[in-house]
Amino acid sequence: MRRPAPRRRGTLLAVAFLLPNLVLLGVFTYRPLLDNIRLSFTDWNISSPTATYIGFANYVEWFTSSASHAVLWNTAVFTAAAVIGSMALGLALALLLDRPLFGRNAVRSLVFAPFVVAGAAVGVAFQFVFDPTFGLVQDLLARVGVAAPAFYQDPEWALFMVTATYVWKNLGYTFVIYLAALQGRRAELDEAAEIDAASAWTKFRRVTWPQLRPATFFLLITVLLNSFQVFDIIDTMTRGGPLGNGTTTMVYQVYQETFVNQRAGFGATVATVMFLILLVVTLLQVRVMERGQER
Amino acid sequence: MSAPTPAGGTGLRGRVGGYAGLLLVVLLVAIPLYWILISSLKERPDIYTVPVSWFPDPVTGANYSTVGTGVAFTDYLRNSVVITATLTVVQVALGVLSAFALAFLRFPGRTAVLLFVIGSLMVPNQITVISNYALVAQLGWRNTFAGIIVPLAGVAFGTFLMRNHFLSLPREIIEAAEMDAAGPLRMLWRVVLPMSWPTLIAFTLITIVNEWNQYLWPLLIADDASVAPLPVGLAQLQDTQGLTNWGPVLAGTVLTMLPILVIFLALQRHMIKGLTAGAVKG
Amino acid sequence: MTASGRRPLLRLTGAAATIAALALSGCAGTGSSEDSDAGGSGPVETLTFWSNHPGESKPVETELLEAFEAESGIEVNLVTAGKNYEEVAQKFNAALSGGELPDVVVASDVTWFNFALNDAITPMDDLWSATDVDSEGYVDSLREDYEFEGEHFALPYARSTPLFYYNKAMWAAAGLPDRGPETWEEWAEWAPKLAATNGGVAPMVLPDGSNYLDWYFQGMVWTFGGSYSDEWDMTFTSDETIEAGTFLQDQYRQQHIAVSNDANNQFGAGQAAALLQSTGSLKGLTGAADFEIGTAFLPGPTPGCPTGGAGLAIPERISDERKEAAMELISFLTNTENTVKFSQATGYMPVQKDAVDHPDMKPFLEQNPNFRTALEQLEVTSSQDYARVLLPGGGARIGAGLDRITIGGEDVKTVFGQLDEESTQVYERDIEPKL
């Protein structure tokens, strides 16, 4: 009858289990990040072998530029809508397809399929949905005599368009995570609820939802982090336009400044700001979720 | 009236509602997919028409043969399989071990390690590629599988997912296992993993998808069909200044998707509930 | 969240601070090392060529490279370096940071200059004399596109210009002569007729600001006597440039000109009577449209048409032997016979002056009269303004401005004034110190 593993042994084992992964992340993610932070204080042309130290000039420029405010706004709208949209729909679908319905397996695969399509191909496919001339939305609306909005030209509709497209693609991800959580839940609790003959809603709220809390917590963080970094869809659908930065998000700005405007130092600044924002937001999420769990 | 049935389903009303929902989902999700599919079967002038044409007429396989003949398709497919299979095995193994340590082992700095892992999800690959390229080139790993695979092998998402799941497992079972003085590996294998299949499969599926679709990094590292994966190989079908011929591009997309969907179909069947959950139909 | 649970936020914050501190003190190399291959001596046996195969040109590129190998004994490794010019540039930039450089790389009209300015690609004039390249044989405007401070940094390869495409059936329905408008004023007269007789289709469609409207508008500005810039002096606010912008805006408002995210296909599907588009689209559009397409010069007076497309460049940091071998490869790929072959396979312009007289060209032009238009127009093209092609991000900046005056309906003077200001600022910040 030994006590749980003593601390030292736990530490040794933890090192053995964690080290390879941490080394990989350290070398191939954090080393470039540190590199990037250093470069954010420089004026560096992407093709040049030398970077000139310029202190906080890039940061001052980013925080005082009006374009940055638009970019920040686009990012916030896109991210919020993507997180809420794909999580709510993913949960609804997982609940639906957790039930014994005919054709369930086929529909599960269907819901997962968009997640499998490469981002660039999604952009192409959705031209056939939103295009003012060839699009299905336009086609359907025309049947009821309504003109389709200018998805590619009105910045707000353009932002809606790329967000909706991303939600469509990302559904498969939230769906699979929720479905896994539903499938892994503890049957005895469900059965207890059924004996109580609780209504469906009560059962969901009292029994199912608390069990989905870890999955929800996980998704909140990862979907937010992922949608902050969406690049392919925006690149193929709008290239950050219309009107210059109608759908430019922070990660697209990083790309554009680094590789199009060749200001890699400034691009590094945007990336660093983005990292810091994500760090703060994630810490807040963790805090809020923990409070929720204490209750 | 709508008393719950033991199968976890609901009464007639719920069932009708369920099928209505199913239908809606099928439509919303399927139409863009359907469009990719039929466009890949259309002749070039039929892809863009007004009004839109919902059926390919005539149906042509020409786009698929363009992909087959214009591209070293089997080479790229093989490379994709090698890269994805290796990365999936490595990432799932590393992810499970890391998550186990973070969830069940006691050691100093555990929270910092967790934050380190989550933090790496905050770094966009636009900023890692150049720096990693320089390193991989110094190692002499350009145009090798190692050069493509090793920098992608660290696993943050899966570690976080599995750790979260492990913590949600019933404490009493874990504690009982610890009381049994089962060694950690034994405990992982015998107790923890058997309760984790659905999440582990989700982890595996998402990893397969992500690695299968890697584009930017392999593009920078690979030079030829000896190591480049499918997305890089298919890039040459796209025109630049002129007019992209979408037929072959979409045919390539369909061909790239198919293997993953087959894997999904195969794996999702194993995402079934524990035995006590009652009948699982459908 | 943690199993042991107390005050986790405090710990997380502490960990975050540690990471941040690490980050601030961090230093890792950007890697500016010289290419390790540079020291190689002896005869060159293989060359590496990075291309995005513009115009679906992989088969013809492969064919030409095999011919080169047979002639010179040098094997060429053709690498797909991206699906567009931007991706090739990205891969090349990565290689500059410390990888293996190619020997020949495709560089577009907007990417070559930054490479030249940062000594990443080599000036070619000396190589031309060393390897007996007849630079005078190349079409002058195309060769001079790569000139900077008396040196040339690339040779033209997959070159294109905008072309005026029109739907012959719609032209006939409107009773217009079978030709393009000679001036933009004439276009303004024709447009209402096209709109009236063709059931609401757009008389002309242009790609929007995210799809290089700035390139198509370049020629229009010139015909009004304006320009984006005169070398490094910005001229967006000149009366003539403003007039051209106002003309575009009026045409857009009167629905004579539509601006679209997919102008090509809109025209190809019969939803617009005319289109300005690259000559590189000629093959594709002819294949996609089921009506007869006419082509014409861009409206004048000349010059009313800019050049565009890509050239071939040689990295600076490879050995002299490799540079010379690379030069021979470029010279081979762009010689009269091969540029004819390449242009017939892709629709890009032949880059040699005497290509027109090549025996293979005559039957081809007879079969493809539209290609003849493109070829003849080449003589009246002009190199683009610095503000668009040499200034970093120039195209995207002007494109956004043009979106604003068309789609956004903003005041032309205000928008062009801002373009002037921003462009000058970018020039003073990013270019001037390096000259």
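In order of appearance the chains are A, B and C, and numbering begins at 1 in each one.
Please note the rule applied: a residue touches a chain if its C-beta (ideal position, glycine included) is under 8 Å from a C-beta of that chain, and two chains touch if they have at least 3 such contacts.
Being a predicted model, the structure only gives us computed values, none of them experimental.
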| task | Trace the shortest sequence of touching chains from subunit A to subunit B and report its length in steps. | result | 1
| note | Greatest Cα-centre separation from subunit B belongs to chain C
| said: Taking the mean of the C-alpha atoms as each chain's centre, how many Å separate subunit A from subunit B? | reply: 15
| remark: In whole angstrom, the CA-centroid distance of subunit B from subunit C equals 36
| query | Taking each chain's centre as its mean C-alpha position, how far apart are subunit A and subunit C in Å? | reply | 33
| said: Using the touch definition from the top, which residues of subunit A touch two or more other chains? | reply: 31-33, 35, 46, 133-134, 279
| said: Give the residues of subunit C touching no fewer than two other chains, as numbers and ranges. | reply: 8, 12, 16, 28-30, 90, 93, 265, 269, 271
| field | Touching two or more other chains - residues of subunit B | value | 48-50, 106, 110, 116, 119, 130-131, 135, 167
| remark: subunit C contacts subunit B in the complex at 2-4, 8, 11-12, 14-16, 18-19, 28-31, 33, 48, 52-56, 58-59, 77, 79-85, 87, 90-91, 93-95, 97-100, 158, 160, 264-265, 268-271, 278, 280-285, 287-290, 308-309, 346-347
| In the complex, subunit A residues that touch subunit C | 31-35, 37-39, 44-51, 127, 131-134, 150, 152-153, 238-245, 256, 259-263, 279, 283, 286-287, 289-290, 293
| note | Touching subunit A in the complex, subunit C uses residues 1, 8-9, 12-13, 16, 22-24, 26-30, 32, 86, 89-90, 93, 96, 114-115, 117-118, 120, 208-211, 259-262, 265-266, 269, 271, 392-393, 396-397, 399-401, 403-404, 407-408, 426, 430
| task | Going by the contact rule at the top, pick out the subunit B residues touching subunit A in the complex. | result | 2-4, 6-10, 14-15, 18-19, 21-22, 25-26, 28-33, 35-36, 39, 48-52, 94-95, 97-98, 100-102, 105-108, 110, 113, 116-128, 130-132, 135, 150-157, 159-161, 164-165, 167-168, 170, 178-179, 181, 184, 195-199, 201-202, 205-206, 209, 212-213, 215, 231, 246, 249-250, 253, 256-257, 260-261, 264-265, 268-269, 271-274, 276-282
| said: Using the touch definition from the top, list the residues of subunit A that touch subunit B in their complex. | reply: 1-2, 4-5, 7, 10-11, 13-15, 17-18, 20-22, 24-25, 27-33, 35-36, 46, 92-93, 96, 98-105, 107-122, 124-126, 128-129, 133-136, 139, 168, 171, 173, 176-177, 179-181, 183-188, 190, 194, 197, 200, 203, 211, 214-215, 217-218, 221-222, 225-226, 229, 231-232, 251, 254-255, 258, 264, 267-268, 271, 274-275, 278-279, 282
